[in-house]
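Both of the next two complexes hold subunit A, though its partner changes from subunit B to subunit C.
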Partner chain A sequence: MSGATARFSSLGAAVPGIALLVAFGVVPLAVLTVTALGLGATGAGEEPGLTLDNLTQAVTSPRLRQELVASVVVGIGSVLIMLVAGIPLTLAMSRHGGQVGHGRLTSVVFTLPIALPGIVVGFFTILMLGRTGIFGQVVPALGGAAYTLPGIFVAYVYFSFPRVIGPLQAAMSTFDHSLVDTARTLGASRARAFVSVTLPVVLPAVVQVLGTAAAVTIGGYGTIATLAQSERLLPLSVADRLSNGYQVASASGLAVVLALLAAGTLAVSRLLSAWLERRLR
Partner chain B sequence: MRGLPDTLGTRMAVGLCVVFVLLPVATSVAVATSVSSARGLWGDGVTLQWLVTGWEQISPTLGRSTAVALGVVAANLVLGGPLAMWLARSPSRLTRAVSFLATLPLAVPGIALSIGLITVYPQLRPSGLLLFLGHVLLTLPFTLAALTPVLADQELQDCENAATTLGAAGWRVLATVTVPFSATALVQVVITAFALSFGEFNISFFINPPAAPMAPFALFDAYSTQRLELASAKTVLFMLCLVPVLALLVAARRTPSTRKARP
Partner chain C sequence: MSESGLVIDDLSVDYDSTRAVSGLSLHVPDGQTLAIVGPSGCGKSTVLRTIAGLTRPAEGRVVVGGRDLTHVPASARDVGLVPQNYALFPHLSVRGNIEYGLKARGVDKVARREAVDRLLAFTELTPLAQRRPSQLSGGQRQRVALARAMAIEPSVLLLDEPLAALDPQLRGAMRRQLLDLLGATTSINVIVTHDRHEALSMADVVAVMRDGRLVQAGSPRELWQAPADAFVADFLCGATYVDVVLDQDAVHAFDGRWAIPYAAVDAARPATGRARGRLLLRPDSLVLSEHRGTGTVPALVRHAEFVGESTLVTLEVAGTAVSVRTDQPVTTGTTVHAGLAGRPVAHPHPEEIAA
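Let's turn to the complex of A and B:
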């Protein structure tokens, strides 16, 4: 950056945007944490006063612990499934580029679901795997699968599809395929070429995509809200606490746990990605 | 490389993914036009009645969501433009701190943010202002991510400097150099902010003023209380509202970028 001029750049003009980030981002999160610690607003049957119970209930209550584990497993697992399918797919798409169908149209179709809220993804799952879903009408065993853990997994895979494929496509577009060709010419097997040539190059980007997408799936409420009948994930309990007698401190505690899970996943993936980048270059 | 089998395999894999994405969309259209979908798609015949009823019930909320989303787009350009400019061109410890703040709405789940928002600003809730600001907060990080790298581009700054040296006024440089140069990013901002706000559910569910539900909220209501055909019809109508946005997306990709060729 030349630094001589920073044309059009002024802190004054940036202030309204910064103020919004602070007033409606930082302040509510700070208050949420204070409320979670029992030092802020309280609701029905909640004692004011410093406590960690609102946070630790996520681990101490067996039911909540189960929801917490399920949230992490579904959130990260669905993104991992998408990665296993998405890495070879986007690599191949970047290699064969124009030869594979209508590249532009495909890429629009692959990004389309990002505009759909989680509730629509949940509803799609009901149409496919619900009690009268089209798969259930053909294979009766699949009727109602939408509300079971495997069905919820399928929903979250659909939800993470555009969030994984889009960034992967961008990351793979600059991949130098001649590296793999060279390794193969020198006698490396497909698997060997993938592990020792391709993976080190793409891994930092892959880890980052995993973290970013998993943060969204872990924190998402819409999909599970639509599919909640027998299985439960943590966001449901956050909402329930609020709607049952407005237990705001308890809801805030669970919300903080959920936020730490999502933001933690994101932060760990960024750090890991930066570390891999340094290690592998 | 040994092209043919690889290309065929890739083509099949891409095809499978297209089916995975589009099958539920097609099914919702089929269910929405079936008299009774429990007897198989179009089992008892084809009808448009569900779509008509669905439209009567959901059109006010679609209108409201569209208005809010357009406002959110405007706020993103007005607030996000100058902020991205400052982040891109005045690197300092302060800009780094603000960049970090801007990632918070991405990292923190919407339901956590909304509980904080309703605790701090309950008085802004009935008017819908809190919902609007929540949507702006949620979309702003995407705007900054799209605009900041473009505005930091040295070539753009050189062009601006050349124009200024030649005597162009500041507003003219902005209008004839900066905006055209960053057109692709600006279109991306408009599309992203609109689509995210229009489909936003997590914040809307908690902050929604009950008297004035947003479209995703109305959909959720339909999913929990109405028959599959009517819920499908409303989903189809909701998705139709996103078609202009997607068309814009396709058009933006088709326009050859003036500078950097798309990979």
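Let's turn to the complex of A and C:
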């Protein structure tokens, strides 16, 4: 009796969440997929009727394929670079009780970019690496680098900074530093202790952070919108298809591909993380 | 310089701006076990980390077997550490954990296997060699941590609160087992604990620390018989020092409220006049009675706690709290009369003998 009451009340609590999920998740995705298959609305110069072309164009069109590859490389690569810098930093912060140097201030500084939208990050990159950017004035070869793939890469490293550091800090706060201390007394160098003890223990959390941050970065539009002159990433094409002649079916196809890419990155990282976690037990 | 054993020489350690350990000097001969005991925050764990090389001292030296380790990194010290939570590597098997130090030291595979097999047998872990730490009980984890530290054949073996992580019911048995295991080692063992029973039963040398300083060091029996001050008496023996005045008639305590005849106490009458001293009252030093008698003092029962084999009583005599263990039933809030059970020693203050 009381069990039934409890189930009933917990169902009631879940209703708003489920309703939101259906309204803003399931329904749009279904409409998007239907449109991508040519069965929904079509835009200028688009033929109605069942077709897979809108979905496969991301692979069949050389230009879109290049954008797809660049999106994945920039999305995962920039997060990887952030991890290389972030793991030692967050480990040091957790060893000193969340404080490195002047503690709270550092913590604020390191998570500050979370308040900065992608478009602002792109703008920053132009100020630094644009044709008249600060770095370009000192080293002429760097002028205009913001619009090349390496420049975009740098921008996304900055973009992923808080998306990596924040979750990483949470994951590392529970790291047991006596593991490293013990490894050191057993004769391990700092490097050996890091590779043979720290890394295997934190890897499940790191993989999960990588997946979540990469999924966000792959779909990030604002940064590339400010930096796209010669190089392009996939989110830009989704927006362009809509704004240039309302090619809604084509845009939907690319949007589905982009969503699957981000969701896939997340799913793969979760699975890998769970598998690694099981190996720790 | 040829100093054998472990020498801690005028050691001071700072954490940020606070001095955690101040001017600590200790000597532990080869093969002996030192227990550092004190309340939490007394600096005992800091001493352990400094011996291990995990914390850098502000001043002083750590010398083992004549070798000054003060500036030697932790990885080159030959000091084994068993941390409080055991810190077993969760991603390695029991064998992998024990093998870790030997691998780090570049010991070849055959020698490694031999050494680990020997330690597994020694700590009775052979059937569990392939298990992960998460599949072990607390006692088994402790033995893995011990075997892992012993594998590198350390000259000093450090144990941080070795029994604190275990269920209280297990501690007695684990303490005996740990003693047997440590007895078989040739290293100098240093145990940090806040438990006086552990310190007294496991160590050859006990060092009592308070607020970063050494209060007293000596054999367990020396400390038990003559605690240096009220803190050591309370912490290590659960006893109270009471100031007394010795005159020609009796030993007087509690501002003259209690006159103890010389027949009841082991003390020499001063040659002339009066002398000051102090009397160590242990929980079993006093007998309680409902009636006033010769050499008794009235006392208020503040707390009475029945624990089965006896009742633990806190008495208040002239504002001083005294612990007593008694067989008799007593009631909180009543007044009882306390007299000496045996003949405790009244320690004279030689420097304060008054004419």
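Following the convention adopted for this analysis, the second predicted complex is superposed on the first by the 259 of 281 C-alpha atoms of A that agree within 3 Å, B and C clash if a C-alpha of one lies under 4 Å from a C-alpha of the other, contacts with A are read in each partner's own complex, and residues count from 1 in each chain.
One rule holds for everything that comes next: contacts are C-beta pairs under 8 Å (C-beta built on N, C-alpha and C of every residue); 3 or more make two chains touch, one makes a residue touch a chain.
Predicted model only: the values in this text are computed from it and were never measured.
Enquirer: Considering only touches as defined above, state whether A:134 meets subunit B (first), subunit C (second), both or neither.
Expert: A:134 sits against subunit B, while subunit C stays out of touch.
Enquirer: Determine, under the contact definition given at the top, whether A:27 touches first (subunit B), second (subunit C), both, or neither.
Expert: In the superposition, A:27 contacts subunit B only.
Enquirer: Between subunit B (first) and subunit C (second), which, if any, makes contact with A:201: first, second, both or neither?
Expert: The answer is second: A:201 touches subunit C but not subunit B.
Enquirer: Contacts for A:263 in the overlay, against subunit B (first) and subunit C (second): which applies, first, second, both or neither?
Expert: First partner only, subunit B.
Enquirer: First (subunit B), second (subunit C), both or neither: which does A:43 touch?
Expert: neither
Enquirer: Which partner chains sit in contact with A:192 here, subunit B, subunit C, both or neither? Use first/second/both/neither.
Expert: After superposition on chain A, A:192 lies in contact with subunit C alone.
Enquirer: Classify the contacts of A:181 with the two partner chains as first (subunit B alone), second (subunit C alone), both, or neither.
Expert: The answer is both, since A:181 touches subunit B and subunit C.
Enquirer: Touching A:119 in the superposition: subunit B (first), subunit C (second), both, neither?
Expert: Only subunit B; A:119 stays clear of subunit C.
Enquirer: By residue count, which of the two partners contacts subunit A more extensively, subunit B or subunit C?
Expert: Of the two chains, more subunit A residues are contacted by B.
Enquirer: Common interface residues of subunit A with subunit B and subunit C?
Expert: Common to the two interfaces on subunit A: residues 181.
Enquirer: If we count contacts the way the header does, which residues on subunit B are in touch with subunit A in the complex?
Expert: That would be residues 1, 3, 6-7, 9-11, 13-15, 17-18, 20-25, 27-28, 31, 37-38, 40-41, 78-80, 82-83, 85-91, 94, 98, 101-102, 104-113, 115-117, 119-121, 133-134, 136-137, 140, 152, 154, 157, 160-161, 164, 170, 173-174, 178, 195-196, 198-202, 205-206, 216, 219-220, 223-224, 228, 231-232, 235, 238-239, 242, 245-246, 249-250, 253-254, 263 of subunit B.
Enquirer: Within their complex, state which residues of subunit C touch subunit A.
Expert: Against subunit A, the touching part of subunit C is residues 49, 52-54, 73-77, 79-81, 83-85, 87, 89-91, 100-101, 104-105, 132, 134, 148-149, 151-152.
Enquirer: Please name which positions on subunit A make contact with subunit B in the complex.
Expert: By the definition above, subunit A touches subunit B via 1-2, 5-11, 13-14, 16-18, 20-22, 24-32, 35, 40-41, 85, 88-89, 92-96, 99-101, 104-120, 122-128, 130, 132, 134, 137, 158, 161, 165, 173-174, 177, 181, 212, 215, 218-222, 225-226, 235, 238-239, 242, 248, 251-252, 255-256, 258-259, 262-263, 266-267.
Enquirer: Provide the residue numbers of subunit A that touch subunit C in the complex, in ascending order.
Expert: Its residues touching subunit C are 176, 178-179, 181-189, 192, 196-197, 200-201, 279-281.
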